[in-house]
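There are structures below to look over.
Consider the two complexes below, in which subunit A is the common component and subunit B and subunit C are the respective partners.
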Partner chain A sequence: MNNLLDIQNLNVSFRNYGLESNVLKDVGLRIPEGGRVALIGETGSGKSVTSKTILGTLPENAIIESGSIRFDGEDVLSLSHGKREAMKGTAFSIIMQDPLSSFNPVFRIGRHLDDVLRFADRRLGENSNAADRKRRIERVLRQVQLSDTERVYSAYPSQLSGGMRQRVLIGLALLHQPRLLIADEPGTALDVTTQDEIMKLINRLVSENGLSLLMITHNLGVVRKMADDIYVMRHGEIVEHGSFRTLFKTPQQAYTRELIAAIPPLYGPDVEDQPPVDAEPIISLSDVSKSFDEKLLFGRGRSHLAVKDVTLSVGRGEIFGLAGESGSGKTTVARMIMGLIRATSGTVQVDGDTVGTKGQGPDFRRLIQIVYQNPGTSLNPKRTVGQTLSVPLRFAGLRGPDVEKRIHELLAHVELAPHYISKYPHELSGGQKQRVAIARALAADPKIIVLDEPTSALDVSVQKNVIDLLQRLRDGMGLTFLFISHDLSLMRNFCSRIAIMLRGELVETGEPRTVFAEPQHPYTRALIAAVPVMSDEEDRLKPKTSLDEQRRYLADTVA
Partner chain B sequence: MQTNPINLMLRRLIGFAGVMFVLSAMIFILARIVPGDPARISLGPSASQQQVDAMRQEMGLDAPLLQQYSEYVWRGVQGDFGKSLISGRHVSVEIVTLLPATLELVIVTVLLIIAVSIPLGVLTARHRNSWVDNAGRFFSIVGVTMPSFLFAILLQLLAANFLSDWPVIGRINYSLDLPDGPTGMLLIDSVIHGDWEVFVSAFKHILFPALALAMAGIGQITRITRSAMIEHQRRDHVLTLKSFGVPDRVIVFRYLLKLSSIAPLTIMGLEFASLIGNAFVVELVFSWGGFASYGLEAILQKDLNAVMAVVLVSGFFFVVANLLIDIVLMVIDPRLRFKEAD
Partner chain C sequence: MSVASSNEPAVLSTRYMAWYRFSRNPSAVAGGLIVLSVIFVAIFAPLLAPYPDDVGAAVNFRIRHMGPDAEHWMGTDKVGRDILTRVIFGFRISLLLVVGVLGFAVPIGTALGMAAGYFSGTTEKIITGFTNVMLAIPPLIMALAIGNVLEPNLVNAMLAITLLWWTWHARLIYRVSKSIATEDFVEAARLAGASHWHVLTREILPNCVSVISVKTTLDAAFVILFGATLSFLGLGVKPPTPDLGSMVADGRQFLPEMWWEVLGPGFAIFYATLGFNLLGDGLRDMFDVEV
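And now, the complex of A and B:
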């Protein structure tokens, strides 16, 4: 078969403050005409640099040392600047990763689309008028299943949901009917059900229009559905290459095996069941509601019910998972439990005390702590690990040498060497940063830790290590975890009990084993069905869901 | 959920009315507790105690403080701030004759700041760490650090030594017939009356004082524009447009400039308001005879009625400038217009 894209011996390095670092080493990759190829690897492995080299959007400090990129037989790297620019968006185009930040917030969606189309037309030497362009844009918007084209066209980015913005990003890539579509982790910033929809859409568009696809991702479940040929990348090198089946059945490299082993299974023999915990409740909520009111000049405006009549209890020592999509109210519930916001009605009890009636003193703060989602932003970049950890310790009343002693203890708990005490966050990897964040939560010696998506910003292999650590900590220190996440496969293996939230209500609670085997609520079924899995067997074990059910519960579903 | 922009604006207006109220109360109390009897100041040291007492009664100073204040506010709302203790004329009349001069100076200053600093900020951001950037940064540091009176004197020296018939003091060549225009601002009035000669003379007179006054603002706004541009340059949405081959100049001058103008415009509003009160140094050097130097004189002479009025008028402009900037920002940034209720 004819290769549409043929990359050979590509070497790219970055120059920073006089230091040169080799980020791509002899990368070779081929995409046949009409083929779907995936490039997988962890953060910093060079996936995005590869796609930027193809597109020609490398930063100024990048140098292409050697190698060739042939597109349809022509060496792209030796083309003149004008010709190279002309290929952007027309010969190949990219689906950007993050729908939330990929639009300029002070311009309308239509403006973005029109400018992209207009300048691409101009580079191709075509003159187009505004009315004609608008017609073409509307056609593309309908293609990506945005039926209310007028509203989308005149909306500002902040007025559209994440799923809709992701669709517009796909539309942007299709404006000029390119031959190669590069998808850079599309939908990873979105909810699992929306992501599922987006993947189906991309798949359909690729096959309907006869496009070739280069899928860049770290989600191996996505790869199974989206690619025939897989390249595994690590430290700027292609370490393994093959079809999905051979790669997953007989991975040659240790790295690939690790990558596969790190994925939590949803069904099948490898699934871990956490033993159920039978203990008196440490957290209990009864009929808790929370509404946010719009502040008007006079009187009260519309109010928005974020949490509605939630009743739940978490036993001492449990790992209680709270699942749901963004906006389902799971974070609001956690914040009420922590006493950060007050419930509008109902009672929240933590360790026998009712939260919110009297002022939450230092004792309460010591009782319950939180680990945030993104350790990159929850740690102060100007403070060393030691300084970060000493703050809660000082609040806990420790002074002088006791502080240092305790910090060493904490670092030992999270399995970091003592010399990490003087490091700054930028010197640490994502996983190490999250360990520091966990150590910070442990500093006050809490009984309960709220884990707000603690692994979603981490790579799968790192995620596994952090989860293992958390489990050891719970067993060793008798902690109770409230685990907030939308990663259902992780929750299946890690939680001793889970609850599913939908639009502020608790729709289902139970042990993961029963919830996943016999989901009662149609929303739970739709949610589980959307999780990308690694094998056909797992796909078969998923609950059946009808299109009608999906449409009823999933905001971004368009038939 | 979305908040209505009109509602947002109304709320802002009420807040600003509150600011004015608090400001008036503060300046009133200050004026009453500083040592010195307004009646005595007004009449001078040679007046007899009886004369002073009669004056106190006339000025209403023997009434309870709360009553004095409420009367002051009531009259102030109607534009009556009492008589100057020194000249004996109505303070409001004096201010109305002097305010246009300062307002004109400040408006030209602000236009100068915008015209110079935004392009300079964009230029230095685009050529980051090049000689253009270094020169631009040096220029802005000089602008911020050098006091405005020094610029004023240097510009006067320049005019006197090298530009033989360039005016160094005053607002206008007084041999010309001045238009008795509606605004009192010579540039605008001369345009309305179609008087070209007056316009040129007024423009020549205003250019150097405005430039001296603008230097600090130019330095500040250039730096803010530059850093906003650089900050936004590495955002994903720029990469999106680049990946689709939208030309660099369009990305910079359309997409980035609008997004990056939010921070400098906010500062601009504050700058405008503070210039109205702080222009006196430049006004004095150029014998401008405006509102700011009037305020300084009032303070030096302890003309309490005038001081109070000057503070309130400056405060009023502060509030109005911020309100205007808020409206402009709402036009630019849809996120402010459709603020999500959290």
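And now, the complex of A and C:
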């Protein structure tokens, strides 16, 4: 088969602050005509730099040292600037990762699409009129399964859901019928069920239009569904390459094996079952509701019911998982338990005290702590690890050398070397930052820790380490975890009990083993079915769900 | 080719990266040098000035209205004083004004802005409301009022400018600290038991420092200009104290023949203002903040 894209010995380096660093080392990659190729690797491995080099959108401080990129036999790197520009959007185009920030909020969707089309037409030297362009745009919008094209065309970006925006972004990439489609982590920012829809859509578009696909991702489950050929990248080098079947079954490199082993299985013999915990409840909620009122200067604003009649209890020592898609109210529930916001009705009891009456004092603060989703924003960039950790310790009454001694203990708990005490957050990797955040939560000597998607900002291999650490901490210190996540395969292995939330309501609660084997609620079935998994066997074990059920519960499902 | 070790990318300190950005920005470096030269001249004025006696009410009619020559590089004024000497001492007055005004306005504005941004509700409403009222007063009207009620001199000029200047800082810091206050690390510190005082001074303030320093540097230029305006209008420093603004006002009567009497002090105002503006812009690029 002909290679549509052939990259050979590509070396790219970046010049930053007088230092030169090699970000791509002898990268070689081939995409056959009509082939689907995935490039996987962790943060900073050079995946996005590779795609930018193909597109010609590298930043100014990047230098292409050597190598060639042949597109349909022609060396792209030696083309003139004008010709290179003309290839963007026509020969290849990219589906952007973030459906929110890729749009200018003050322009209508139609305007975004029209601009792209108009400029691309001009580059190609074609004349087009507005009516003709609108016709073409509507055709593309129908192609990406946005049925109400008229409404989408005249909508502002904020009026569309995340999934719809992602569809428009795909449409944007398809406007000029490119031959190579580059997808940079499409749908990563979206919920699983939406992501599933987006993957199906891209797959269909690729096969119907005979496109070639370069898929850039860190999610191996996605790779299985969307690629035939896989390149594994690490530190700017291609470490392994093979067809998806051989690579998943018999990975040659230790790194690839690690990467595959780090993925928590959803079904099968490797699934870990957390022993059920039978203890008196430490957290109990009864009929808790929370509504947010819109405050207006004049008149009464609307009120939005974020949590509706939630009743649940978490036993001492449990790892209780709260699952749901964005907007399901899981974070609101956690914030009510922490006493950060008050319930509108119902009672929240933590360790025997009702939150809101007695549960506001300093003792309550020490009882329950939180680890945030993004360690980049939960650590003050201007304070060292030691300074950050000393805050809860001073509050607990420690002074002088005791503080330092305890910080060393805490660092040892989260498996960081003592010299990290004087480091600033920007000197740490994502996983290390999250360890510091965990240490801060531990510093107050809490009984309960709320984990708000603690690993979703981390790479899979780092995720595994952090989860293992959390597991050891719970076993060693008898902590209770309230684990908020949308990553069902992770919850299957890590939680001793899970609850599924949908639009503010609790739809199902139970041990992961039973919930995953026999999900009762149709929404749970739809949710589990959408999780990208690593093998056909797991796919077979997933609950069956009908299109009808999906339509009822998933907002973004094709109408 | 110097290549950072491939597995562990070199972590550069923020200070080094900031200095790297600053030192490769020619206009920022030029601004920094100009500001340093102004400060140097102001501090060592008595040693540098060729005719230190001309600072006061000296009169030397024999050489009045002399153009620039080898002895008087910037010429002499209407009573025969050396303009260069008076410009050198004029820098002192200007910098004194800058230090006096910003020394009060910046801490007051920062404190109020941070309080308004961090505490929502009534505190926020009162402080922002008051700031907006103060912002609505035209600066020159305020200066005129103070100049008329009190005696026009350096201290009262400072007072007039300070009374209005803190509002700009309060407003800026309010906006910055309000966005910092929503960060997870602020909530985390509160949950760890930190007091409001701790959060304000240790968590929020360090993140405001870059914004404050850029704004203060840019402000220094405006304060010099505004001080010169007041003196020009006779509301600031009184003669014979050598103030750049009043020197321009004095020289204006003899334009266009005795152009040097305006050019010397006028250029000095331009030089100092330009220096602070370039430095401020350079700092803004270096810290990568919006002011």
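Definition applied: the second predicted complex is superposed on the first by the 552 of 559 C-alpha atoms of A that agree within 3 Å, B and C clash if a C-alpha of one lies under 4 Å from a C-alpha of the other, contacts with A are read in each partner's own complex, and residues count from 1 in each chain.
Heads up, the rule we're going with is that a residue touches a chain if its C-beta (ideal position, glycine included) is under 8 Å from a C-beta of that chain, and two chains touch if they have at least 3 such contacts.
In this text the structure is predicted, and so the values were computed from the model without any measurement.
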Requested in this report: Give one word, clash or fit, describing how subunit B and subunit C relate on subunit A after superposing.
Outcome: clash
Query raised in the report: Which of the two partners, first being subunit B and second being subunit C, lies in contact with A:G236: first, second, both, or neither?
Result: second
Query raised in the report: Who does A:P105 touch here: subunit B (first), subunit C (second), both, or neither?
Result: first
Query raised in the report: Now for A:Y156: first (subunit B), second (subunit C), both, or neither, which partner does it touch?
Result: first
Requested in this report: Would you check which partner chain A:P392 touches, where first means subunit B only, second means subunit C only, and both and neither mean what they say?
Outcome: second
Query - Clash with subunit C (superposed arrangement) - responsible stretch of subunit B out of 55-63, 145-153, 199-207 or 253-261 - result: 145-153
Query - Partner subunit B, residues of subunit A touching it in the complex - result: 55, 57, 85-89, 93-94, 96-98, 101-107, 112, 115-116, 119-120, 123, 156, 158-159, 169, 172, 292-297, 301-302, 304
Query raised in the report: Considering the complex alone, what residue numbers of subunit A touch subunit C?
Result: 13, 17-22, 25, 44, 235-236, 338, 340, 362, 365-366, 369-370, 372, 374, 377-383, 387-388, 391-392, 395-396, 424, 426-427, 437, 440, 443-444
Report summary line: As the complex stands, subunit B meets subunit A at residues 1, 3, 7, 10-11, 14, 235-237, 239-247, 250, 254-255, 258-259, 262, 332-335, 338, 340-342
Query raised in the report: Mind pulling up the subunit C residues that touch subunit A in the complex?
Result: 1-4, 6-7, 9-12, 14, 16-17, 20, 183-185, 187-189, 191-194, 198, 202-203, 206-207, 209
